[in-house]
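Going by the order they are written in, the chains are A, B, C and D; count residues from 1 in each one.
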Amino acid sequence: MAHSQIVTCIDELEQHARTHLPKNAFDYYSSGANDQRTLAENRAAFYRLRFLPRILRDVSQVDLGVSLLNGTQTLASPICIAPTAMQRMAHPDGEIATARAAAASESLMILSSWSTTSIEDVAAANGNAGARWFQLYVYRDRAVTAQLVKRAEQSGYTALVLTVDTPILGRREADIRNGFRLPPHLRLANFSETDSKATGVSITDKKDSGLAAYVAAQIDQTLTWKDVKWLQSITKLPIILKGVLSPEDATLAVDHGVQGILVSNHGARQLDGVPATIEALPGIVAAVGSRCDVYLDGGVRRGTDVLMALALGAKAVFVGRPVLWGLAYKGEEGVQIALTLLQQELKLAMQLAGCSKLADLTPSLVVSASTYTHAKL
Amino acid sequence: MAHSQIVTCIDELEQHARTHLPKNAFDYYSSGANDQRTLAENRAAFYRLRFLPRILRDVSQVDLGVSLLNGTQTLASPICIAPTAMQRMAHPDGEIATARAAAASESLMILSSWSTTSIEDVAAANGNAGARWFQLYVYRDRAVTAQLVKRAEQSGYTALVLTVDTPILGRREADIRNGFRLPPHLRLANFSETDSKATGVSITDKKDSGLAAYVAAQIDQTLTWKDVKWLQSITKLPIILKGVLSPEDATLAVDHGVQGILVSNHGARQLDGVPATIEALPGIVAAVGSRCDVYLDGGVRRGTDVLMALALGAKAVFVGRPVLWGLAYKGEEGVQIALTLLQQELKLAMQLAGCSKLADLTPSLVVSASTYTHAKL
Amino acid sequence: MAHSQIVTCIDELEQHARTHLPKNAFDYYSSGANDQRTLAENRAAFYRLRFLPRILRDVSQVDLGVSLLNGTQTLASPICIAPTAMQRMAHPDGEIATARAAAASESLMILSSWSTTSIEDVAAANGNAGARWFQLYVYRDRAVTAQLVKRAEQSGYTALVLTVDTPILGRREADIRNGFRLPPHLRLANFSETDSKATGVSITDKKDSGLAAYVAAQIDQTLTWKDVKWLQSITKLPIILKGVLSPEDATLAVDHGVQGILVSNHGARQLDGVPATIEALPGIVAAVGSRCDVYLDGGVRRGTDVLMALALGAKAVFVGRPVLWGLAYKGEEGVQIALTLLQQELKLAMQLAGCSKLADLTPSLVVSASTYTHAKL
Amino acid sequence: MAHSQIVTCIDELEQHARTHLPKNAFDYYSSGANDQRTLAENRAAFYRLRFLPRILRDVSQVDLGVSLLNGTQTLASPICIAPTAMQRMAHPDGEIATARAAAASESLMILSSWSTTSIEDVAAANGNAGARWFQLYVYRDRAVTAQLVKRAEQSGYTALVLTVDTPILGRREADIRNGFRLPPHLRLANFSETDSKATGVSITDKKDSGLAAYVAAQIDQTLTWKDVKWLQSITKLPIILKGVLSPEDATLAVDHGVQGILVSNHGARQLDGVPATIEALPGIVAAVGSRCDVYLDGGVRRGTDVLMALALGAKAVFVGRPVLWGLAYKGEEGVQIALTLLQQELKLAMQLAGCSKLADLTPSLVVSASTYTHAKL
């Protein structure tokens, strides 16, 4: 794919990034934990589902619009941007480019706590019309944490996405082999040098990736449900739990008053061996019913993937790496290409499935391949 | 395979086409949509079924004869020709060669709306003894549509095959990459230059294949069951719905008085992720019972595939690409080779299964491989 | 593997044959029908079964002895030789070498109707102590057929193995491509030149293998259960049906008074798509109970395969190609190597499974892998 | 991986051994029996399980401590060393290095009967603080056997691990091809030259591996449950049966008063075709309940594997080859690297699963992948 050519699919963007990014950056972005089997499953699991499309329905007008969090957040499409750390390794504009592309595509962006651009600068780039949520890591130092929340509120982020699958960083072996750390010209922009040793990221632990050492030093490993209550006590923003895979935890989440659950395995970067997110989704949707929003991220690379997730009950899906590949391709324009591609594919898939609005998407649209392979004939 | 050699199987014909056709033509013919997983499944699903052959039955006389559409259409064999667009890209004789070979093989041919030879010329080539149906795309301009129907009637096409899985063209990425469009020396022969912009196929949308642009411009995306009624009101020909995968739609189809259902996923060229047709077949047969004919196309490359489909309730099967590979090999003679090969393989498979006529083929002849792999021992 | 080296397993013998036999002979021996998927399944299916070995049992004395056909045939081991045609293509000694090796290994040999050595010469080589059955193809000319039966009786063959899966020859595409026919210096030794056109094998049908043409011309395609009765009327030898895959046919077989059923798919050379024989076995054992012997052939390459078949109810197993590979390796000595290898592997497998005689082998020794892969945990 | 680099995972150690050990030593260590399909399954089966991690649990303090054999054996971690023969082929220090590394890592070591260092020397290297069990093979000569037991008792081995899956050695074809035997400078250190022909290992049976010949000559093939009673009569040490795969045998084992069951298939080196140990585990845990300890070995290469085994009811896991790869890498230090790596991975996996002590690990943490792939949606 040369720059002058059409981008046909997300995988082409990844292919471009693989050959254009520095190896340690590409590896950091692309890797999953350990043997990367959940990484493979996140994709493969979509391939084990089958559509049952309907025919002879008027699909001349397709509406991808969706409303989240009890109608407080309306979006032109259910395809949103997952939080990924350190986007300026992919392109000099980093999170600024992402924020602009998100606004231009009428998409929603979640900003990572570990962005290489500050909360405030991203908000400015995203603009008044933009839609943005803030992803929160809870630091051992609660003052640092509370400060992040306050800044997000003040900068127009309309929800907090609390990541709960990262008490410690998963083993990403390429990062260990590469001795991965943030390049010297970049920094975690939301933390000052003196900020409770938050600059720990520059620690050079010879046995591990720099990021793993930073997380071990800074992130609160004692986090429990009472801390969700604490967070609710310091903010009025709706709270979404990111990284839920067990239906029991989903039930606990709604019992604790969260407004949304993001079914996620952190892009297969934490515990290797967990289910693909599309596999975990139905159990969680069944557990929470309509008591809160359920979203999904992990391995979404096609409009058909989005269609499957929505049909199985997700209100929106988030993409992580596709945005990074877009960034690496052409900054803001590249991110827009990625988002537009997914939106177009989703629209087309809906038309071919006989659906013209998200409300048409129900579980009856999707069956497990095993329904066929194990059929009694 | 040199021209002087025997053609052993359909796959050899495909191999020949792969090395002899221009890349953009071969790609257009061979591609499926997106990741082409349904394309692979259309073949793989046959491999997940198992025969239970019977022994010690007199198989000295095998009769492949079949009668369709309530006895109004009798054929020497249940292996027929699916409609495929633009056959003159495969061989200068295009649809003429196909029509002649069909007649010579006592097979039935469905002509595509998008043929590169006119309805009338194909009818003439197919002749009085030939059996031909016409595949219909419904245009936004209903006058264009009605005109096609009238011409088909007048030229001795004895049924209309209404394609219902193509309100818009599926994403075939090779075509997008190739910037696929009809070669300048060819045209969609059933449409005049002035015919309600039907020449739109020459539009050069830089972002897509020319055919995709044409379809988006011309084909009626508002098509619903009421339009089936409209079609019935303008013709006395029996109507077959092509592209049915859901049992619910099959039931609706018979409720709307269609005479046949062609279980098809358009050769895996529309919505990627739908079931293989041989997997979808049993559910549809169960839904419609004997209320109308059920046919199948998709991935049929072997006499054993035909045997499986017939055993599971299809009255006839249609082949798309095998005919194109035959055309590319040797025009009319090549198509005959393809059809004869399949007929011979079917006959042999029936003998080895202990069957001597199509009525002997019942579901008890076929089981899912999972019956064995998941047996309690 | 050089001639001076130890033969470690049957696959090494096949590897040797692949590199030492003329291509058309190796292809004829090794091929399965069409896409050869049943050929692959015959092996793969063993891999989908699991042993549940027992411990702390005295396995110092292992007895492989077995008695077949109501005690009229006792053998030192349950590993016997399946009938394979034209063995002199593998080694000049052909069936003579096989007959001698069978006797030396105290194994049982089934001679093919299509041997390249006569019924009488093979009997002489096999000797008084040898154990031999005769495989029968029923010719259109019943006099030819009756003559074969009489000669077998007179030469000390103690059972007739009636092959019922070959009313016509399966499509073996390598043979078609190779234009396979019997080399000029060899002949089907049980038929005279004048014998009702039985020399038809030399017919050179340009569109097919010579053998296929021969079978189409000579073999009776009208064979039914009444012909089993006819055969019983002209001989007192016990009759074994070879090529049964459906439990219904197995029941019919015992109802018609046969003494044995050989579960076989003809080494995957007839109808492609039938089950692996080890998968078909349990259903047939269940259908016939103790009313007659059940045997198995197809894909047996390991002592562990034999153990699985016996545990699931086979009284003996037969090997086809392993004997041909042994022949090609070193004639009589090579066949003995193959048989001894399998016997040793079986003995070892029994010891490791905690079994010391064939009566210890029960279905509880084997489970489907799906028992584990689909376990509720 | 150069010596100066970090070892990222066990597989890297194996890779190093593959390129640094003499071929016949590496082959002996790495091989499984016959087609090595159980060898592959021992790994693959872990990949067919899925974790259901829990969130928002305090995982700041993780305790890997475990107590075995009714509290008589307490260990800092549940990752222990399986007995493997002839460790001095991997490194000159052999079992001495292993014993020291075990002590340094606060791990438990099982010494093989066939060690290349004596029972007493290993005990000395392991030291007072070390934890060691002795693996027993029962020799035809019971005096030899009783002598081993007595020496183990006197040298501070605190349990006997009776291997019951090796009445005869499995077929490891690489060893047969390599004509494998113990290098001349090494000997089975627990046996004197005159010891009832125990030096039989030097016998050069041209048809087999030297070890196989030795086992056939020396090991008691008549071993039954009464010999367990005999063993109990000559020792007060707790007895663990190693090599149990069938739930029935597990029940018999507890009925015969053993204190532990090691679910093992001998690293897939005995009967090819048995289940993976992680697949056999749940059935055995269900059969014995809390009547004795259940352990597992076989294919454990990751902390996540350990987590799965513990969740499914194993009290401890043992690793065989990883220790050999560690030895081959750097002797004592290499073994410690291997053990530490697994301990760190286990700790991390527990944190990511929301568990802080072994008692938190219950079957609800693990589901079969089939739960998802075969879900009704």
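Note that in this section a contact is a pair of C-beta atoms (placed from the backbone, for glycine too) under 8 Å apart; a residue touches a chain by one contact, two chains touch by 3 or more.
What you see is a predicted model; the values in this text were computed from it and never measured.
Just grab the chain with the largest centre-to-centre distance to subunit C, centres being mean Cα coordinates.
Following the centroid criterion, the farthest chain would be A.
From the mean C-alpha coordinate of subunit A to that of subunit C, what's the distance rounded to whole Å?
Whole-Å distance between the two chain centres: 59.
Roughly how many whole angstrom separate the Cα centroids of subunit A and subunit D?
Computed from C-alpha means, the inter-chain centre distance equals 42 Å.
Name the residues of subunit B that each touch 2 or more other chains.
If we look for residues of subunit B contacting two or more partner chains, we find 49, 367, 369, 374.
Select the category (line, ring, star, complete, other) that matches the graph of chains linked by touching.
Looks like a ring, each chain touching just two neighbours.
Of all residues in subunit B, which touch subunit C in the complex?
Touching subunit C from subunit B are residues 6, 8-9, 46-47, 49-60, 302, 304, 308, 345, 348-349, 351-353, 367, 369, 372-377.
For subunit D, which residues are in contact with subunit C within the complex?
34-35, 37, 45, 48-49, 164-165, 167-168, 170-171, 173, 176-177, 206-207, 221-225, 227-228, 241, 243-246, 248-249, 252, 270-276, 279-280, 282, 312, 363, 366-370, 374
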